[in-house]
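There are two complexes below, and they share chain A, which is joined by chain B in the first and by chain C in the second.
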Partner chain A sequence: MGKVNLTLLLAAVAIVIIIAIALIFPLERLGQLYSLLLIFGGLVALLLRSIFAKEVDRRIIFLFIFVAVAAPLLFPITFSEKPTAVVKAVFDRVESLPPGSTVLLSFDFDPAMAPEVQPMANAISRHCLKKGHKVIFMSLWATGQALLTQSLTNTILPEFPEKQDGIDYVNIGYKAGNEGVLNVIVSNFEKMFPTDVNSVPLGEIEIFDDIRSCRDLDFIVSFGGGLPGSKEWVLFVGDPGGVDVAAGVAAVVAPQLYPYYPAQLVGILGGVKGAAEYEFSLKETYPDLKDMDTPGLKMMGPQTLAHIVIISFIVIGNIIYFRGRRKEKGQ
Partner chain B sequence: MRKVTIIVMAAVIVLFLASWILKAGAFQGEHDHYIIRGFLVTFAAFLTLAVMSFLYQDNPYYKFAEHLFVGVSAAFWMCMGFWTTIVQNLVPRLSTSLADFFEVPQRAEGLNFFFYTPVILGILLLLRLSRKIGWISRWPLAFIVGTTAGLNFIRYLRSDFIKQISSTFVPLLGRDWEGIGAFFSNLDLSATGQLVMMVSNWVIFLGVFCGLIYFYFSREHKGVFGAGSRVGIWILMITFGASFGYTVMGRISLLVGRITFLFRDWLELI
Partner chain C sequence: MKRQIPVILVGMFGLFMIFQYFVPHESSEWVYEFLLDWTIIIGIFAMALGLWSLYRVSVEKIKTRKPAWGYNYLTLCGLFTMMFFGFTTQNGEAWGWFFPFLVSANLVLVLMIQASVNKGGRGLFLGLAGVFLVACVVIIVFDNTWGFHFETAQGLQSTMFRAFFDHILIPIFATMFSLLAFFIASAAYRAFRARNVMATLLLLAALIVMLRFHPFYGPLTPYIAPFMSKTSNWLMNVPNLAAQRAIIIGVGLGIVATALKVILGIERGYMGKG
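And then the complex of A and B:
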């Protein structure tokens, strides 16, 4: 009976706190506040449970991660990003190229990588077109071509209606052959890509008037996270062709590319954090782009909360482990 | 079949149909094929939830989604292989009439009979399906392995070996060293400043050196050598930790992608 009364009392206190918060805080902040209360309250409860050496079901962890990711999507929490040197190097490189330079953007990823790679691909495409560079879009992944078309038709081109196909940008699409394609285009584009995606011969496309191979390009950015990807661009085009290459990659791959920075890679955008930093730099430099869609920045809210939850669970797991070890020693 | 299973299955079917009808209704007027679009969005949401249901426990919905994914992937890559490699890359170089049949543009350089070699090697590779003459498939396989190794050898030697070693030779005093007095009088704590450069160059130098010591097994890891080895293992652990951190970030991004789909495209909450 005493236990039931205590539970009722706690429930009543919780309801009073919730109503008090609802009256004090502005309406648009309530969702965020309740989500944070739910997550951190739950974590404290689990911490207490672990201190009293009770087991935590693995499904509780999954539930927490789900709430930590879902809540900031429903009630957006955004953070400002300070661009790191490795991301700023890519931004500065695009910024420092004179207008009219030719930049190649390769969409070497699939739908599984799209949530983290597509935001950075869109941001750099936007930046290049904004600066007046000529952009060649291509893909070494079959699945990349559909995502490239999606980016162009849904996001990039509607923002730049004045840009003309073949003059300001061109989509030469996907070509099968992995590293073999790179090995050929480092000396001749036309051998691998006789036409663009609209079946227009490369010889009739204005952008290719002065471009015969990758060696004639001013800058290359490869977006990916698998094979072939940024590493192959360095190995088969950047180093032998003497062309500047940058990488925008899925977070899993980023640590493997750091040894190439800064000698062989101009810079690296690693995962959604890299995308968010690039979007932040773009918005800061170009105030007229302040209303652009920033999926990278939006994803940093769920990322931050999910990381806090994961770190908390690592702490809780260690508490359970060390308590168990002390108990064993005691026995 | 258990009663609970039948109830759950019935509930899933009812929810699926309800979602399909509602989504098709929402797309009416926006899309020409609104019924198909409604089905596709509902089916994508169902598959997402089916895969996520594995986190609770293994179940037939997860199994269905898994098998469907494997089957569709295999079929997709087979079709892509045929249309992008054989039709687009090979056919225009072999036959004008075949190129016309598949409606692929002719190559400017014309036909090249040298490309019959990969056709023959490709057919030989398929002989693996035969028990009697399956051994012939080792020849094209050996050709593939040999060509790949030869092609990659020079690239890796230059980019992953020579250039990586030269990148390790960094100035330990940072760039433009003008003496200790000038260093302290112009002390710069920014990320590109001389102090930070000096520290990071020392980390690269010691990290590589101690990492190599850890993997040198011809001498017992004792004394100064042992201390170097211990620093080496710390460097390795920090590297693995950074990789793990990046992996967590990547996986969370994928989850964000799926939840965004559920909330935006399916439930229209955001």
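And then the complex of A and C:
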């Protein structure tokens, strides 16, 4: 009877504590608190278990990754970002161009890469339009055109209703031919893109009054990570045409582009982290953009927690490995 | 002759492409651009070939009742439905008889395949396919609420194309890609173990590069964060760069060697029989 009373008392205390926390913290903070407790508590338990050299079932790992990704999406956790030199270089280049400069943004990615690359593409598009640059949008990937349209109609243009198609920006769409397209537009745009996506001849579009080829552009940013992508822009346009090129790529591709930085690539935005740093710089420089959508910054929470979970599992795996080896030696 | 002509053509055009790079003359550039047009045209024809190949492979799987053959119907119907969406736009607000047309067109396709698979009921399937084909033609002729646009890319902006792209294709791709996170976590747990010196170095490098992103050092941030940042930058800019450069130069030399072998007719794999 005494045991039952004690259990009831403990349960009542626990309920009171939970209610007290719920009253003190707002729901979002509470969610964050509980999910972090769940993740870190679980990791500590697994860490203690690893001392006995007990392997972790992969389903447990999947569960931790699921919670680590889902919890910050439900209860957003955001961090302040300090832009790294590679990202800052791109931001400064866009910032230092005089208003009215012509910037080409190429959406060379598919929906698989979109969660990583689209936030940075939106941020740079926003920055260029904010600075008053003329923006030419295009794509070397068939799936890129639909994503470009999505970005323009859902995100970029509603924020800049005053910008006019053909005067402030133009969407020339997708063209098949991969590197072949680049090889031609480095000397002649019209040959490869006779019209924009609305079937308006390039000769009638104001932006193209002074632009004959990529050599006449002030800056090019290629978003992607596959082939053709940023590397092809450097090889076929940046170097032969003498135009500054920057890259916005998926995180796994970024290390492959470092050999081109800073001589052939102005800067590199790598994955969600690159997008988050760019968004942070944009918000810091333009206070009126403080309410803009920042998917990069929002996604840093799930990414950070997932990385911490992976790091913890690597540590746990090594403890199990060494404990197991010691056990084997002992036997 | 069947083998010599392609070898001669490849050699001739390959040598010309090398030669023209060093001749900045108008005529050389004109020929170069002319050849580039050919490359793009051939690339577009390859797309048509890909479509035909997909159709043939799918029909073959249905014919031979390979495992999960039913999905091939889905593949083909998806392919043709998206093609119809890409080539059609509304003339006003309503879609009219577009969806009955779409269903009929897909039924024609399915029934034609069924006719080629089931020899017994071929007449019935062909007859039904004919009925639906007539229905398609009638809808195209009499329904003016929508129309085909082959000359422009208007169809790519159409509601249905975008809805299917935004709400089916993007989530499918994103789901497939996001599954990687689970497998990477499981693989990292099993593979990143300090079994020897090289594995330990790899493990430490991975940990430092991953930890540079994280602001979770608490009161130790001023001490740990700069170290992590500097070390990871060094890892990216020195060992990673050196290895990447070596790979790029190696790949470049490999490309030159392979190109020379192709131009000189030593490597004939592109003709299909090695």
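Keep in mind that, in the parts below, the second predicted complex is superposed on the first by the 303 of 331 C-alpha atoms of A that agree within 3 Å, B and C clash if a C-alpha of one lies under 4 Å from a C-alpha of the other, contacts with A are read in each partner's own complex, and residues count from 1 in each chain.
The rule we apply is simple: a contact is a pair of C-beta atoms (placed from the backbone, for glycine too) under 8 Å apart; a residue touches a chain by one contact, two chains touch by 3 or more.
These numbers were taken from a predicted model, which means no experiment stands behind them.
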Touching partner for A:70 - first (chain B), second (chain C), both, neither: first
Contacts of A:112 with chain B and chain C, given as first, second, both or neither: both
Touched partner set for A:150, first chain B, second chain C, both or neither: second
Chain B versus chain C as contact partner of A:42, first or second or both or neither: neither
First, second, both or neither for A:310, with chain B first and chain C second: both
Partner chain(s) touched by A:62 [first = chain B, second = chain C, both, neither]: both
First (chain B), second (chain C), both or neither touched by A:166: neither
Partner chain(s) touched by A:177 [first = chain B, second = chain C, both, neither]: both
Contacts of A:190 with chain B and chain C, given as first, second, both or neither: first
Chain B/chain C common contact set on chain A: 62, 65-66, 69, 84, 112, 114-115, 176-177, 180, 183, 191, 199, 255, 259, 273, 303, 306-307, 310
Residues of chain A that touch chain B when the two form their complex: 59, 62, 65-66, 69-70, 73-74, 84-85, 112, 114-116, 142, 174-177, 179-180, 183, 190-191, 194-195, 199, 201, 234-236, 239-240, 250-252, 254-255, 259-260, 263-264, 270-273, 299, 302-303, 306-307, 310
Chain A to chain C touching residues, read off their complex: 56, 58, 61-62, 64-66, 69, 79-80, 84, 110-115, 143, 145-147, 149-150, 173, 176-178, 180-181, 183-184, 187-188, 191, 197, 199, 255-256, 258-259, 273, 303-304, 306-311, 313-314, 316-318, 321-322
Residue ranges of chain C in contact with chain A within the complex: 29, 33, 36-37, 39-40, 43-44, 47, 152-154, 156-157, 161-162, 165-166, 169-170, 172-174, 176-178, 181-182, 184-186, 188-190, 192-195, 203, 206-207, 210-211, 213-216, 233, 236-237, 240-241, 244-245, 248
Sites on chain B touched by chain A in the complex: 55-56, 77, 80-81, 84-85, 88-89, 105, 107-109, 151-152, 155-156, 158-160, 163-164, 166-167, 191-192, 239, 242-243, 246-250, 252-257, 259-260, 263, 269-270
